[in-house]
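Structures are listed in the sections that come next.
Same chain, two partners: subunit A is paired with subunit B first, then with subunit C.
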Partner chain A sequence: MLLVSYKFAAFFAGLAVVYYSIPRRYQWVLLLAASYLFYAGGGPVYLLYPMATTLSVWLIARRLSAMERPSKRLLLLGLLLNFGILAVLKYTNFALGNLNRLAGTDYSVSWVLPLGISYYTFQSMGYLIDVYHGKYKAEPNLARFALFVSFFPQMTAGPINRFDAMKQELFAEHRPDSVRIWTGAQRMLTGYFKKLVIADRIGPAVSAIIASPEVFDGPYVLLGMLGYTVWMYADFAGGIDIVIGAAQILGIRMTENFDRPFASRSLAEFWRRWHMSLMQWLREYIFFPAASSRFSQKTAALFQKWFGKKCGRKAPVYIANLTVWLIAGIWHGASWNFVVWGLANCVVMLISAELTGVYRKFRKRFAFTGRKWYRCFEVVRTFLLFCWLEMFEYYPFMTVFAMTANLAASLASGSLADGRLQLLGLERADWLALLISVLLLVLSGILTGEKRISARIRRSPAWMQYAAVFGLFLAVLITGVYGRGYEASQFIYNQF
Partner chain B sequence: MKAKWKIPLILTAAASLLLLAGLQRLLVPKYMGKVVEGSFIEEYYKEDTPHDVIFLGDCEVYENISPVTLWREYGITSYIRGSAQQLIAQSYYLLEDTLRYETPKAVVFNVSAMQQYEQENETYNRMTLDGMRWSSSKWNAIRETMTDGEHMLEYLFPILRFHDRWKELESDDLRYFFTKKQVSHNGYYMRADVRPVGNLPVERRRRDYSFDDRAWEYLDRIRLLCEQNGICLILMKAPSLYPAWYEQWDAQIREYAQEHGLQYQNCIEAADEIQIDFTQDTYDGGLHMNVYGAEKMSRYWGKILSEIPGVEDRRTDEKLAAVWNAKGEYYDAMKAQQEQEFAQFGYLVQFYTEE
Partner chain C sequence: MDELIELLEEINPEAEYRTCETLIDDGFLTSFELVMLVTQIQQTFGVTIPPTRIIPENFNSAESIYNLIRELGGDC
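And then the complex of A and B:
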């Protein structure tokens, strides 16, 4: 079931009404039934995957919790089993593709990836590791744990939640709260605005640019680069807004996934503010264990011996970072492009970390680095750097550099008004709608600062609140890209 | 809820709904320019006098019969409930819908719709179904004939379907926001241009000449509905030379008519008797009649319909005469204008360029 469909609107509205009408102690049971119903929409067979994860993780976690000294082997069994399912389903074709290239064969499999398998697998594995480390006790009730794994809004695009935080939210009794419902509805509407007005409008145009680098070169590389980032953000953040808003209407607070990432002044900061739940997961369950692993310690000792103390100290951090970004890359897509993209991000951040001292001196030496315009420059620089690194996702490695050179050469002479713009399938009105929408997003980000736009709206007079929300509703209703003539498009992050 | 909130809340809700309704009205197609067929179905509801004869079917009806001529020459009151590519199921529900307002003495159903049960193009569905007033008939018509990907919700709230027209709004959308001009003559689509029959595509043999079972089912339903309401049903095949009306199809309809005691008129066979001149009486090379052909068809049908009990010459009814005279004036004015345009330009301005 698509989040952008009449079916989902009917499903969710019906659910919300029943949810607040039944005895509150059964609310979580209803959510579990609704979640399985939602998931079965793609075919009942797909229910088997989250069910298998639920059962295996629940059993292993219960066993681990009962042990005085939790068995590492049992933990590994749980991890291997579930990451194994994910790896087989998601990466078999990638592995076969590589094998085909080497052996000249032509093997492939046609498996449909269950919706949101990465999200619920990562979430469940986080739970298993936490139980192993004794951060909290295993959940004794299988049905309750099943809800944690399969809570339907998060199945589509995350965020990746922690059990100790979600437990309170999912199993508490929720009374209907008009303010919370109104805020949740606003959040959903904002999500639909990002998805339908921006992402689904710009997506096909960006895809066309990316698919034909030989046609769309010069300034179109820049247009594609910026457009791709806008598309990714509007699609992903839009999906998250819908998910968090829907949960909020049901009285459930979920972890945030974005914190105005485009206001970041460095790439490292950017990655602390973009897809926060995944990055936190990677930090907690990959970075720290990798940095403190026996392999890292041994490597550190060797480096210390060969290159000195300083290098030895840095070795575990390098190993942990490379592991995190390798996983982050492969998580985003089963292709070498994503591996390269992950490693490129890692390399840029490690170089940046190495240059920290230089930056510090530079800032001390030049007073203008404290000025507002310089901070703006840093924000723009980070944004462009992120956009450029995204090119590794969609162009082959060498093409990125060729297209960058091509772009640089055409900056002085190139123009977008050479007829190719019409090949992108957008009318003048579409470009205008895109421009206004993106400007609105940027403005709302600037105006609200640290606070969310919904918080800002809540403080306004009632008529102003209503006018803003109704205006947003009309914008989605009229300028949204939906309905006949358009393919209902899945969220990009659904496939993860 | 506090009383002081009640009034602003109700006012806000009313204003919001009004705004939404206004936007919907603005965005739905008006069918007032090059394509007018989408207006035919809804124009029926403006009628305030009854009709003795109702014609049902697709373009082979609304382009081939002139109700004004039927009135002028025979005093028969009639209306065409037809739209582009109107499916037989839609014709059935339109008949059901018509019976809510009046009970005619005769229904003439054009059988060309038997050859295609399912809609190929959503646009045709919208042109037929959007014009219907809401009733169980409309609901069932939509449900039965929706193409893949269409949603009932988009018929309930057409803004969901036509929202994307914000990019192509034109002066007509404002001009016809409140009221639309009359484009048909009791459902008749007038064309006074002439394009003689040229080379028609060769008839292609078919593997199977049987009609869809569902088409037969709806033909039965039309027949039964007429029987239940004491209406005389006549089957008609318009004199269109293309698409081909195969002998095998004709034989099946003839057999059905015989079996159920219905009259069936194949106007292709009767073309000479009707005096159709395919070099003068068609505006699109033999697919449909122009106004001259439609008037000849109406004269022919007038004779047939006059013999049906209850279908009377009503020209002596003053009230009806006044209404039909006004219709006649509008008809004559449009015909004169089209004739003048065709003589001057060789084409009709409205159908080649937007107004």
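And then the complex of A and C:
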């Protein structure tokens, strides 16, 4: 069931009514039934996958929790089994594609990826590792654990929740709270605005630009770069707004996934504010364990012996960073493009890490680095760097550099007004709607960042708030893109 | 304690380690520098710091790092 469909609207409205009508101690049971119903919408057979993960992780976690010294082998069994299912389903065709290229064969499989498999697998594996480390006890009730794995809002595009935080939210008894329901509905509306007005409008145009670099070169490379980032953000953050808002209406608070990422002043900061639940997961379950693994520490000792102390202590950082970005890359898509994109991010992050000391001295020496205009410069620089790195996702490796050079050469003389703009399928009104919507997003980002202003907005008279929400509703209704050109309701991050 | 302060100063000489209690929160130690510090601590003091203990609370001040090393059986 897609989030942008009448089916979902009817499903969710019906659920909310029943949810607040039944005895509160059964609310979580209803949520489990609704989650399975939601998931079975794609075909009942797909329910088997989250069910297999639920059962295997629940059994292993219970066993681990009962042991005085939790067995590492048992943990590995759980990890291998579940990451194995994910790897086979998600990466078999990628592996076969590489084999075909090498051996000249033509093998492929036609498995359809279960919805949100990466999200619920990562979430369950986080739980298993936490239980192994004794952070909390395993959940004794299988049905309750099943709800944690398959709670329907998180099944489409995350966020990757944590059991210790979600437990209270999912199993508490929730009374209808008009303020919470109202803010949840506003959040959902904001999500639909991002998705239907921006993402689904700009998506086909950006797809056209990036699919034909030979046609759309020069300034169009920049348009594609910026447009791709806007598309990704509006689509993903829009989806997250919808699911967090939906959960909020049901009284459940999920972890946030975005914290105004485009206000970041460095790439490292950006990755702490974009897709936060995944990056936090990677930091906690991959980065630190990889850095303190026996392999890293042995490598550090060897490097220290061969190249000196400084080099030795950096070895674990390089190993951990490389591991994280390889996983982040392949997580985003089963193709070499994503692997290269991950590695490109890794290289930039390592260069920045090497320059940390220089930056610190630079900031200390020059007072202007504390000025507002310099901060703006850092924000723009980070934004452009992120946009440029995104090019590795959609262009082949060498094309990225060719198109960058091509863009640089055209900066002085290139123009967008040469007839190619019409090939993108957007009318003048579409460009205007996009421009206004993106400006609105930027403005709301700036305003919510200023605590005093956002507090004043929250205190504004009710009629003003209603008028703003009504305006947003009208904007979604009138300027939203409904099923035009391509399958408009498909979220990009659903495929993960 | 002096040896620990020396290690910290080698990684980032900009902070006042004897008084600062926000090493992680205020960015004096980035996650990369934190990993370097952990490596150095493990090699110098002969302790193993499990990944689950690498949390801001344990690394926000020289004193908390010192306490962690002592707790894990290191001679600091």
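Operating definition for what follows: the second predicted complex is superposed on the first by the 482 of 496 C-alpha atoms of A that agree within 3 Å, B and C clash if a C-alpha of one lies under 4 Å from a C-alpha of the other, contacts with A are read in each partner's own complex, and residues count from 1 in each chain.
FYI, contacts are C-beta pairs under 8 Å (C-beta built on N, C-alpha and C of every residue); 3 or more make two chains touch, one makes a residue touch a chain.
These numbers come from a predicted model, not from an experiment.
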Which superposed partner A:Pro23 touches (first subunit B, second subunit C, both, neither): neither
Touching partner for A:Ala300 - first (subunit B), second (subunit C), both, neither: second
Contacts of A:Thr479 with subunit B and subunit C, given as first, second, both or neither: first
Which superposed partner A:Gly370 touches (first subunit B, second subunit C, both, neither): neither
First, second, both or neither for A:Gly419, with subunit B first and subunit C second: neither
Which superposed partner A:Tyr6 touches (first subunit B, second subunit C, both, neither): first
Touched partner set for A:Ala429, first subunit B, second subunit C, both or neither: first
Partner, of subunit C and subunit B, that touches more residues belonging to subunit A: C
Partner chain(s) touched by A:Tyr466 [first = subunit B, second = subunit C, both, neither]: first
Complex interface listing, subunit A residues touching subunit C: 133, 135, 268, 283-284, 287-289, 291-292, 296-297, 300-301, 304, 312-317, 320-321, 353, 356-357, 360, 364
Of all residues in subunit C, those that touch subunit A in their complex: 12, 14, 30-33, 35-36, 38-40, 42-43, 48-52, 54
Of subunit B, residues touching subunit A in the complex: 12, 16, 19, 23, 27, 122, 149-151, 153-154, 159-161, 163-164, 166-167
Subunit A to subunit B touching residues, read off their complex: 6, 427, 429-430, 463, 466, 470, 474, 477-485
